[in-house]
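One chain, chain A, links the two complexes that follow: it is found with chain B in the first and with chain C in the second.
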Partner chain A sequence: MADTILVVVEQREGKLNRVSWETLAGAQALAAETGWVLEAAVVGSGVGDVAAEVAAKKVSKVYDIESSKLEPYTPDGFVAALKSFIEEKKPKLVLMPHTYQVRDFVPKLATALHRSLISDAIGYKYEGGKLLFTRQMFQGKFVADVSFTGDAPYFATFQSGAYRGDKVEDGGASARVETVNVAIADGVIRNKPEAPFKEAKQAVDLTQAEIIVSVGRGIKEQKNIELAQQLATALGGEIAASRPICDSGWLPMDRQVGSSGQTVAPKLYLALGISGAIQHVVGMKGAHSIIAINKDSEAPIFEIADIAVVGNLFDIVPPLIEEVKKAKGT
Partner chain B sequence: MKILVCMKQVPQKDAPLKLNESGTWIREDVSYEVNEPDAYALEEALRQKEKHGGEVVVITSGPARAQQVLREALAKGADRAIHLEGDSFVGLDAFNTAKAFAASVKDENFDLVFTGLQSDDYGFAQTGVVLAELLGWSHATIIMQIEKNDTGIRVKRELEAGYFQFVDMPLPAVLTIQSGINKLRYATLIGIKQAKNKPMKKVSFDEVKGSLGDNLLKIEKLYIPLKTKKTEVIEGPPAEVAKKLVDRLRNEVHVL
Partner chain C sequence: MIVFRKPLPNIERPTMEADVVIVGGGPAGMACALRLAQLIDDHNAKHPDAPLSKDNIYVLEKAREVGAHCLSGALLDPRSMLELLPDFESEAPLEAAVVKEAVYYLTRNGKFKLPITPPPLRDHGNYVISINRFVKWLASKVEAAGITIFTGFAGSELLFEKGRVLGVRTDDKGVDKNGEPKSNFEPGYDLKAKVVILAEGSRGSLTKQLIGRFQLDHERNPQTYGIGVKELWELPPGRIAAGEVIYTMGYPLTFHEYGGAWIYGAHSNLVSLGFVTGLDYADPRIDPQRVLQEFKKHPFIAKLLESGKMVRYGAKSLPYGGWWCIPPVAGDGWMILGDSAGFLNSQRLKGIHLAIKSGMLAAETAYDAMAKADFSLDVLGKFQERVEKSWIKEELWPVRNFHQGFDKGFLSGMFHAGVQQITGGRGLKAHYSNHAGHLRMKQLSHLPADGGDDSHIINAAKGDGKLTFDKVTDVYYSGTKHEEDQPAHLVIQDTDICNERCVREYGNPCKNFCPANVYEMVEATDTPSGLQIHLNASNCVHCKTCDIMDPYEIITWVPPEGGGGPNYEGM
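Right, the complex of A and B next:
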């Protein structure tokens, strides 16, 4: 049987999670390079529309894995469904987007199959017949090329932004959709999830901000937030923060940028004392211009910055506020 | 409730890291600290014990230096510690680390196992979920709240983009804990004193070796990220830096 790449796309309440296109785009590139067959699967209850949407892309086949027990999502249900499917189909490689849901069940799935998972990869390399996945380590200070040493199937997940979802190729004609009804025995699913909800109405929509001044641990104390606020005000922008600042209660949670907060793409993202941990960077790397001020010259934020200022933000921000005010004539 | 907290020692956040000679790992001569989400996991376990009674046991794997993480946990209020001690534990992947943990606690009847949601070094975010599967327990990830109820526990999971979800689940269970679930406590002087007399069980690599398999992942090469972006570095006295930045804001970023 031909070697197969299986992309498991993500759906929530019957709608495709768009980050799945990124993984599919990466998988298409890998399939073109290796000559492996590319198939996709969607898991849920009544998710034929999602399967049809994926079938319009360049894939050989789409499986619609169905059971009434797969809605709502539970790790037990998804592992039960995919375990039997993967045991039968024996794909060489299973790819998924590194979402919170995937983090919740794929390590369990791989373990149930006595396999391992390379999580949160930012790309792959196929060198001399050897498949490597590149992933960040030490909060982005290093990257590593990681290989699988055991037998297939191999599991890997791609970080949001690893590939461009809008580059996913359409197929000539729609691929065949095969419905696979899986039986999940009573008692397999132990967790009883309730409907997702939002804590409070988000007062601030950072996604609409053109200018964001964002603070990280380097701000040191709560009282120093005021300094960053002054700069944001002078620039006519919004203030935001990395997770630790909001965890400490120095700024409200709705000011948080990153994987657990908002994803932003302003004209200017000015990062003050932000090291650039992966969880933060995925939320702001789409900014048009990134200016980073940090005293640590090795901070990963500088890898993605357009302008890097290595220095003490407490020395630089006060004169910067004055210069901005002067420039604006205020 | 009897709770096991899995903890990890990682390089300090702002420690300058250097590659080892073979370019497969970092040089070990750096300062270490407790992995931040694990500190929140410990705090949550201590709070659950204060509410419901029981016992908090902390476990880690790694060389002698890793014991510091357990000492701190004992000083904060954990009852006893298990140290899987040896250099060989450092190179284990998440699958084998979870197997080593499972093997060394198989005779204990824990109600809950907590881990941080991921580590600051590898960042695989897998050990807790793998451990749940090995133990045959239910699990939930990225937890922001835990309440005991008649049938087990009710937890609040963090989802993406500001969403949350409550999940009812039976015990025993494994939970991966999100940073910020609580406010961390400091160890007290008396706590530090008492910690010296608390049990610290050591488990050698040989004792669990039989339960492990080959690593299924291999780090072929560790390296500094190749820059894909052209970055302009601005240096000089603060006043000059400020002037240059304003120039860029006006002429390149076009926001002034």
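Right, the complex of A and C next:
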């Protein structure tokens, strides 16, 4: 039987991701150089369309590995399906894109088959019948050529950007798609997937805020942040902080203003209990109006404040909130 | 709860074989790499049949960019550079040749100029340099010679096998505040090296590990250190000539403390000024950053700096115990260079030329080992002999007792220095002893509440924003940046000592001696003292003072995630 390269592409909601196309392009190059047969596999439930899409490319054959238990994705399910499939087909090389999902299941798959894995490769070399994969070391300062020991099948993953997805060659005629229905016994899948992780909503963009109420160490305790938040809400602004507050975890890092945080230039910047170290000031000195409340009359923040209020913020802020509400009629 | 940095346990680490690993890309490490490349090139020209490879010689540098953590005055005695690159003066970035020098003794408001400059401080023939720019240039030579420099990688621990150093483990990257791997986690590498050359600078963290493991400080005087706090100023033209050198002794220090200031004129009206405070003072409230601020308030200095602008800030410890404090510098699988070993002439206040020379001698030793394919102790141990036969010893031997003479203060120090001057360095006895600096620190109960004579240099400087600066402002000008979400790299063995005993006994000197405001005592409800230590680890300028001066010796400085630290561009 001819040596075969099997590319396992990754689909989500019926769409292939970019790295899968890139990996396919790399696999096509590798197949051309080695003369090995190139096949692809799509894993999921009802992913025939994706398989057909891949079949339009220059591949010998596409397997549509199907089971209702493969949707949603679980590492146990994918490993069970691919393990039996690979054991049966005995490809020489299994290539996958280096995605979060692949990183999740492929170590387990390789281990289950007692085979080794070269992950996160940026390319391959085929020299004198020996296949080497290139990996980065020392954050890209070095590259190392790595080869497999032991028996096939060999497992490798390609890093995003290693090949160009738009270089995937089309096939002359569509390749054959073979549907493989895998049986996954009950109890094999122990994982209980939750809803897929979505990137958190864009972190707060303080640079767009017109009014910022910012707190420093003078706020004393975490529970007092609420007071500043009420003022920010009353004013229709955002809450921000100097480094010690975020460092203590009282507010998230994306609300930190200063040299190690964000640089802001709102219409109004209200600094509550902020001493005004230069590290903070460089992040907010562009504000149109700065009002600073601090009990230390020598606090450097007053040097750049348009309105300097020397006093205890806990005496000043609560009535201020009331006045703002009154003025706004809320 | 503060989580402290340590290499993550039980993880698989990539390993890499190396011939030579040099830890630290300062003048010593770069000179070592360059000399080794030269020797290999010569060898390969003579023995084309049996060439040696430079491919497996690596320099680890924890700074993001070479030179970014290098800080010194700096004056360069060209002696070793002329040996390394005879033509270096025509191409190295030298600020100015020294044209003029003066030494002053300062009283609170006055000054006395020494009628003649003491011979050790005569600097004609030396150069004012920016060590940052100089080392960057040296690094370009090293890379051009085909040796790989890994910037952004710190040596986090040495790998041992019984009595031998096997290699270096680099820092784990992508570990969060709680010591858990983040999504970008990358384990440190285990670099298995035939020889590890430690060129970490003053109080190197791996050097400390090595000295501890093999008790290399046995039968040596304890190393003594100073902390140099430096500001770079831009002055109106004509104030200080390029190549002008001024040293001062005295104010703001008193007879109780050891130290002094330098002012060096560089080009483009830039002036390097700084103050070295001996890390053997008694009052735990003394603040070396404040010492520099008070120095600038002296009428002589204030006038010099008037209408100038401070442009950069930095601080670094320096080892000036001299010959008796230098540990064995070679052993099974290792060598120690430069400031890590203590090659510094405290009388001349110079160490760069010795660092470079030690790097060259280590390179010769490493080359021998490569040529013979024998990295045994027999071959590597020759580094020790090379140092003792070189002009390093010739220069350090006559001043072997110099700093120790100051163990009992300034006046007795001047007396001993005088006697040593006329007895070839011997002085009143063959081998002066001394104490480790931190042991001289006194508890608050033994000191005047207002600081007495030292009242003007204790506790934090306020700063007027023009001539003087508070610590946090100065730190801003050091350009220091670290990944914020990582474990604290100032490893405190037992924070209860900070929060209870030290509050009582010494009043937490860490917050005073640290020149970067890393250490703070904040209010706490759950400690008996009502105070609790808080670390602003991302302010750290890597000076190592805390590791040296903490009176309980419970702070260990370890490298933070590689790439973080000060940015001493142009310093």
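The rule is simple: the second predicted complex is superposed on the first by the 198 of 330 C-alpha atoms of A that agree within 3 Å, B and C clash if a C-alpha of one lies under 4 Å from a C-alpha of the other, contacts with A are read in each partner's own complex, and residues count from 1 in each chain.
Keep in mind that, in the parts below, contacts are C-beta pairs under 8 Å (C-beta built on N, C-alpha and C of every residue); 3 or more make two chains touch, one makes a residue touch a chain.
Because the structure is a prediction, the values reported are computed rather than measured.
Between chain B and chain C, B contacts the larger number of chain A residues. By the touch criterion stated above, A:Phe142 is placed in contact with chain B and with chain C alike. Residue contacts after overlaying the shared chain place A:Lys267 against chain B, while chain C stays out of touching range. Of the two partner chains, neither chain B nor chain C is touched by A:Leu6. Once the two complexes are overlaid on the shared chain, A:Asp296 sits against chain B while remaining clear of chain C. Of the two partner chains, chain B and chain C are each touched by A:Ile278. With both structures placed on the common chain, the touch criterion links A:Ala228 to neither chain B nor chain C. Once the two complexes are laid over each other on the shared chain, residue contacts for A:Arg103 go to chain B alone; chain C is not touched. Common to the chain B and chain C contact sets on chain A are residues 137-139, 141-142, 247, 253, 259-260, 278, 300, 303. Residues of chain A that touch chain B in their complex: 75-76, 79, 99-101, 103-105, 107-108, 110-112, 115-120, 132, 135-150, 190-199, 202, 210-211, 217, 235, 243-244, 246-247, 253-254, 259-263, 267-268, 275, 278, 288-289, 291, 296, 298, 300, 302-311, 315-316, 318-320, 322-324, 326-328.
Residue ranges of chain B in contact with chain A, taken from their complex: 11, 13-14, 16-17, 19, 26, 93-95, 98, 120-126, 129-130, 132-134, 138-142, 157-170, 178-180, 214-225, 227, 229-235, 238-239, 241-243, 245-246, 248-250, 252-256. Those residues of chain C that touch chain A in the shared complex are 14, 16, 148, 150, 152-153, 173, 186, 189, 465, 472-473, 475-476, 481, 484-485, 536, 538. Those residues of chain A whose C-beta lies close enough to touch chain C in the complex are 137-139, 141-142, 247, 253, 259-260, 277-279, 282, 300, 303.
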